[in-house]
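What follows is a set of structures to go through.
What follows is a pair of complexes built around chain A, which joins chain B in one and chain C in the other.
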Partner chain A sequence: MNLPRRLCGGRLASPVAALAAMTALLLLVALAAVSWVAVDASRSHLTAEIAATAQAQAASVGRKIERALDYGIPAEDLVGFASVHAALAAEDPTLAFAAVTAPDGRPLHVAGGGMTGETVAKALGDTTGDTYFVTRLPLSTGGALVLGHDLAAVMKPIVGMWFDIAIVLVVALALSFELMLLVVTLNVILPARVAERVLADAAAGRFGLLHGQVMRDEMGRFMTRLNGAVTAAAKRVGATPVPLRLPRLVGVRLLAFLFVFAEELARPIMPLFFAEVAGDAARSNALSAGIAMAVPMVVVALAMPIGSALYQQVSRIGLYVGGALCATAGLAGTALLADGLWSLVAWRSLSGLGYAATFIACQGFVIESTADADRGRGTAMMVSGIMLADICGPAIGGIIAGHLGHAETFLLGAAMAAVAAVAGFVLLDRATHGDEAPPRPSLGAVPAVLGNGRLVGLLLLGAVPAKLILTGFLYFLVPMALAEDGVGSADVGRIIMLYGLAAVVAGPVLARFADARAHRLGVVAGAGVATGLGLVSVGWLPGLPGMMVAVATLGLAQSLSIATQLAAALDVSQEAIAVHGKGPVLALLRLVERLGAAAGPLVAAGLAATFGTEGAIWQMGVGAAVAGCLLLLLHVRVRGRARMTGRTAA
Partner chain B sequence: MVPGTLFLKLAVALVAVTVAAVSLSAWLNTLRFEATQTTLVERRLRMALDDVRRDILVGLDLGLKPAEMEGLDALLGRALAIMPTLRSAVVYDCAGRTLAAAGAPVAGQAAIAVKGRLRDDAWISLGDDLAAGGVALTDALGDCAGSVVMVLDDAPRQAALAAVGDRLWQAAAASLLLLVPALAVVRRVLRRRSGLVSHLSHDLDGLLSGAAPADRHAVGLTSREALTGGERRMIAAYRAARSALRGSAGRGTP
Partner chain C sequence: MTLTRRSFLRSAATAATVSLAAPALGRSPPRIVMILWRGETKTEQGFRAELADAGFAVEITVIDLARDLSALPTALAEVRRLRPDLVYTWGTGITLGTVGTWNGAVPEIHLADIPVVFTMVAAPWRTGIAPPPGQGRATVTGTSHIAPLATQINAIRAYLPMRRLAVLYNPAEPNSAANVAELSELAATMDFALDAAPLPVPRGGGEPDPAAIPALVADVARRGAQILYIGPDNFIGNNRDTLTGAGFVHGLPAFTATELEIREGEALIGLVSRYEQVGRLAARKALGILRDGVPAGDIPVETLERFSYIVNMRAARRLALYPPLPLLDYAEVIA
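For the complex of A and B:
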């Protein structure tokens, strides 16, 4: 009897599903074991560290109290206890209260914001330690000095570590699953699909196809025999069989993941590192960092259409591998050789060039390997690789940066880009499957696009603000603002990761919601307003909670609006598409979006220089909400006109 | 190259992926533990430095210079007594000369590294060559009055880090034992598939030699052993193609 089926109660449809479940279980248990040890170790070692600090603090205060007691001052007559506590609390914000108790436990002196004798007595009786980390130091009077630290605050570094342990588990699981899926697809699923087509062709008596993806295993040996049989049969019927190879589209997910991951590793520390390297007396560090982020994005925006134009001249492998090597050099140069703003911009621009080339290579591979009917699936595969990198990269990069340092994180990114180059050789098919090239903008389409008021409105009030806020807020202001608050890079990475996580988790549901809505402009406008509200919440919820709300809201809003924007843009561009084709119009839209993205860090840096980082976030939030409202007004106006003329509005 | 089997490929992939995943997890968790431990040790060292600085500030606010203060050695000694992991505590003047000290003398590479940081307002360094921190002293006018430096006995911290690192890597290695039952299950599933493939190959050979009947139902294949839906469809396509393939001249291997 089939063991996996028996183990799983026969519920699994096929052995491969049982194998997948078992692989997932194996990895989950293995990773959980390592994670559990990490949690346990942190609890024992690090809690002891916290206790030692609190003990030392108590000993220091206790020494002063004992000196007073030695002078004959009764414990209940001690003065200045509040100022001793205030001095301690000024240096240690986690200190909630301090108290001196009598031998019977009655508080004699209490200091701490809002703490009364009653609340201290309650805290002293809090044996479970749910609210306070209580440290008692016996005094010579028989009473005690009691220090109460806010438990949540002292445990914050440890709790942060537990979150990161969970994230590492999830990331490792996701990456492992992706790799196993790749191996099974390349070795089992794809060869079977090819064999099915060859056999169907043989069954029809044509004998025009041979199996062109024979693997070196037992099934491959069968397929080699099959090829022999087909060749012989083809001779009989006078056919010339050709090897059939199906595109290995599953590889595009890993390829897209690798080149984005290489960049995203340094995301949590990027503006900080750029400010360190590029800042000087003549220019604020923030502005220098903004320039260092913006210029390469302009390079990416301009390089994409050029890459699309070159796609059919340069092989896709050449474009991907060349791009990955450029990214490797760019990231390594950023880490090791950049020593001022313009050298930094040069190395970053090289990275940007590499990013553009690899993106175009992957996009071209998807377009060539799919027809209109399944292009969405192919594109989704590439996008899912990018989203996975958006989640994993900052999370892992933040942890690594906190330990190895900023430059070293860029070096690790360079190593990943080199791995991407090797993967490109292995995973990208050499064969050309179609002759459709990646879309590129055409100058002829420009007047058609710029003359379309609805499209311009959508671009200026929807698409450009969305990209501007993504790069200006998420990539620039979030790391800067959190660093100002003393938040470590691991926490920054975790927060940036929320953007991708929100999009991945809620994206499909929100996309279905958006598809069901006829009024796409309204959906885009609503998403813009939601983004704005999320950003301004930073002013109401200070610190990490506010930032988490803002980033998660941005992820949700953008997962709702991005696909809808595209559909809305196509809807309102029918005339231009009829003349110039969908490709050039779409490529032009993307170019404008990317230029908007390039403006983000500069706008953010300028606002931060004037209003501070929190003020800049607030301003961007207001801007997003205003743009959304204006787009909504435009939508209402367009709908009104459409009703009058009997046309359907987007 | 020796022809492989699917089991070998999947086994190698599973082992490689599992080793990579648990290694990544162990490594990242070690880094994260070290970062968190460093944060807490820094917090403790900062507390000790601030404590001593506060006491010295009392004298500075009265207009005394550190060189004129009595009992600095005892003050530093008390700081060491409160925090056993401190190895030494030193008060320097603005020129880097020692005014008071307690504990083991700061010498060698550590002394050079410390002297290089005396101008910093507040610093902590927990590296291989130095585990110490310092804070600048300023008088009532804001001018330099010296600095306080405390050197840690970093051995307990390093020992704790090594112990945790060892535990994590041991857990990672132990978790790899799970590969044994996992690979046994994979082998069991693929053995049945291997039987299916063998059957397909024999059938094809028989078909080509004319020994096997062309009837699609005569093949005796069951697609239950197929790994995926795609392989089941492939078997169905093979059944449909048998009569067309039967009697082709030449056998399998080109």
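For the complex of A and C:
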């Protein structure tokens, strides 16, 4: 293990990281090589196909020209060549120009794309063919018919394929890293940590601990030897050693990843599929999709506190596996059985219940397996699993939906949820519950929270709009608007992925920035205004670029806002926390946020029905900016009053 | 030429009693009398073929006026004597003489009690043979072989971007004058200028002088006309080569809505009916009356839905005005 560390200048702190780096490198090389071969094969396949299509087009135009020549029309007097080109270009937008040349190569007729005789002659002389895919058909005059296809446009599928391959590559790397981390942690790091404690205990002469992990490999034999030595020594000093086990917390990362991934796969096609399944004469398709998205979110919002309250009564493993099975049934039902709005809502709600149950089980596992000191690390583990799924799920789901279909993507989500159930069975410790329960809102905290004007202001103008925009814009309007523009689901998935990617890449930097500001409310307000401006920019920057700017801005603003919101909320609710503790206050905040999230698709669908999809994005952007400004106003007023009070007191 | 009783009977006898199928169980098949302008044409071939295809037996008697309208009263007397189940008339002149106008028929002259199916009438509504749209004429229905005027203008524009159209016509022919009036109405809605040039008619009546044609063509060419329009005008029809010849001198092509001017003349563009199809359409109307028992007045007067676009390459080469490539996909090109 020293070798890689030395090789890397000692920067790789653990053998896991070194192993991860090497595995990642090898995988990257192998996958890149396979991808290269695949793209190359598709390129030659595509080139052959384009050549065949272009030849067929040339033959069809050539027949027209030959017929005209047969009637005795001189080649230089051909009429209507531009309309022949226009008809062809209407069917094939990649056709850049068409020309008829004289036997000496001089262009007689040129049509399309602002081409002149000169530029065509240049294109014809361009043997490397960087700009045009040129097809030549000899004519009976000795001249030729020339078709020029835009090379960049005809090769566009290859670019899309590169994106697909890059996504698959990233997801494969991420997954293999997850699995490796799991295997190494469970089989090497955890047993080593236990052995460290057992040895330390023995070194102190107590001989009170035995190695409690059960294994059958070299590590297992080592443990058996160690345990034998400790037992023998314990006998001599008259001690009774007990087996020591450490919770296998690392599993929560994969578990969190799996249940979120299952749900996120269908993200890019959700509103479209729902509109398709639930649309009827009674209401617009968009509204049906909005209802089908919103109602299950309400179910999740309400199930979270109820599930948290019941957590102590059920087994953690039962909760997770049961939840994962619920999600499996819900996703499969959505794919296969839903046939109308209310059956869709029922299947989606079942899925939502499963999501809530698995979430609570993971959260409980983290809380019970960690002490205050390492809880942050444990929570980060769960959060990183969720973030990874947020990024990979929509991206890979979009590709799958493009190739297999909408219902099939939900089915694959169901399969992933089933895998999550199996993984939960294997990875979750069967340890009994500890004293600490997941946070749940207490009714007593409600008046304390609602009586706090600043907190209510933060909730209504900061937290709720942020969630509302997330679900209304990112989950609902983005797929709808892009589909209206004819963008494929793979691209939709990649654009949604930008949200998580922006948060992951810039999140830590932004969090440090936010921590350095004293005025947390101001930061939240600023993030709201930035979100609004990002959304409004869709109106000025049409198509994919505008949507990318809006989604990336949303990702940055939200990663800045979410961490700050929490700290700001705790800041302004010191009195309530003193009475009820952090848990109930936080749980109440989450409940309000989740209800805001549930309102998102409904608000978006309502706006879309009145103003059109793009208009709805614009309206939501203006709303977010206005809410941010109001919050800023509130913040300034409160600070002003505080300063005034301070001066009076002085 | 006057039709003598003898020659009339001969012409009737030669073509008469063409039974298409054996009459069933002694019931004699319906009898049709055809009154024709210049003997049997492709129109009549189509008419007979459609009836044969329908398996409907008829007995047809042909009366050929051999281009002499003055023989019509004799022919009508013969029709009244024969009392056929249906009369078939060819062309505007014969039809108008047989049934009169919808609001001006005279029972002593015109047939009013025998169903009449007309064909090859250029403008059934304008000539008053057919009543205004929405009304029926109890015993009369039929077919036209001319495309609607707007369709004709679009046909011209498929060949060249026409903004100025010239028409030379004989103002003494009501049919032609009415057509020019309709063209000038259309000019406003379809955004083109119309140069209507009436030929001077001699004071005492009679036909205009064909020698006036070249000067008039030169005049419209000077005013910027892009194409000469040949309408349903007997005088222009008879002098079509003079007209197109003058056109060639000034680089002016000609458009026609009737087949003869392009197949046998020098017009550049023609939008014409296939006469066989016109005959088949007339036969379907006859079947409606004779087989299905529908009153003639309930069967609409119609023209074909599809026409043949004809390009005359001889004229195109002389004018160096070649058809656009897309046109060649559907045009019939005659060398």
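Just so we're on the same page, the second predicted complex is superposed on the first by the 503 of 650 C-alpha atoms of A that agree within 3 Å, B and C clash if a C-alpha of one lies under 4 Å from a C-alpha of the other, contacts with A are read in each partner's own complex, and residues count from 1 in each chain.
Assume a residue touches a chain if its C-beta (ideal position, glycine included) is under 8 Å from a C-beta of that chain, and two chains touch if they have at least 3 such contacts.
Keep in mind the model is a prediction, meaning the values are calculated, not measured.
Regarding the shared-chain residue A:T334, is it in contact with chain B (first), chain C (second), both, or neither?
neither
Touch test for A:A172: chain B only (first), chain C only (second), both, or neither?
first
Contacts for A:G205 in the overlay, against chain B (first) and chain C (second): which applies, first, second, both or neither?
After superposing on A, A:G205 lies in contact with chain B but is clear of chain C.
Of the two partner chains, chain B (first) and chain C (second), which one does A:A68 touch, if any: first, second, both, or neither?
second
Thinking of the overlay built on chain A, is A:Q558 touched by chain B (first), by chain C (second), by both, or by neither?
In the superposition, A:Q558 touches no partner, neither chain B nor chain C.
So, does A:Q619 touch the first partner chain B, the second partner chain C, both, or neither?
Neither: A:Q619 stays clear of chain B and chain C.
Does chain B (first) or chain C (second) touch A:T358, or do both, or does neither?
neither
If you stack the two complexes on chain A, which partner ends up touching A:I189: first (chain B), second (chain C), both, or neither?
A:I189: touches chain B, not chain C.
In the superposed arrangement, which partner chain does A:A232 touch: chain B (first), chain C (second), both, or neither?
It touches chain B, and chain C stays clear.
Is it chain B or chain C that touches the larger share of residues in chain A?
Partner touching more chain A residues in the overlay: B.
Using the superposition on A, tell me which residues of chain A are in contact with chain B and, in the other complex, with chain C.
87
If you look only at chain B, which of its residues touch chain A in the complex?
These residues of chain B touch chain A: 1, 3-6, 8-10, 13-14, 17-18, 20-22, 24-26, 28-29, 31-37, 39-41, 43-44, 46-48, 50-51, 54, 78, 82-83, 85, 160, 163-164, 167-168, 171-172, 174-176, 178-179, 182, 185-186, 188-189, 192-194, 197-198, 200-201, 204-205, 207-208, 224-234, 237-238, 240-241, 244-245, 248-254.
Mind listing the chain C positions that touch chain A in their complex?
313, 316-317, 320, 322-329, 333, 335
Which of the residues in chain A end up touching chain B in this complex?
Against chain B, chain A makes touches at 2-4, 7, 13-16, 18-19, 22-23, 26-27, 29-31, 33-38, 41-42, 45-46, 49-50, 52-53, 56-57, 59-60, 63, 87, 91-92, 157-158, 160-161, 164-165, 168-169, 172-173, 175-176, 179-180, 183-184, 187-189, 192-193, 195-196, 199-200, 202-205, 207, 215-222, 224-233, 235-236, 396, 399-400, 402-404, 488, 490.
Over in the complex, which chain A residues touch chain C? Could you list them?
It comes out as residues 64-65, 67-68, 71-73, 77-81, 83-84, 87.
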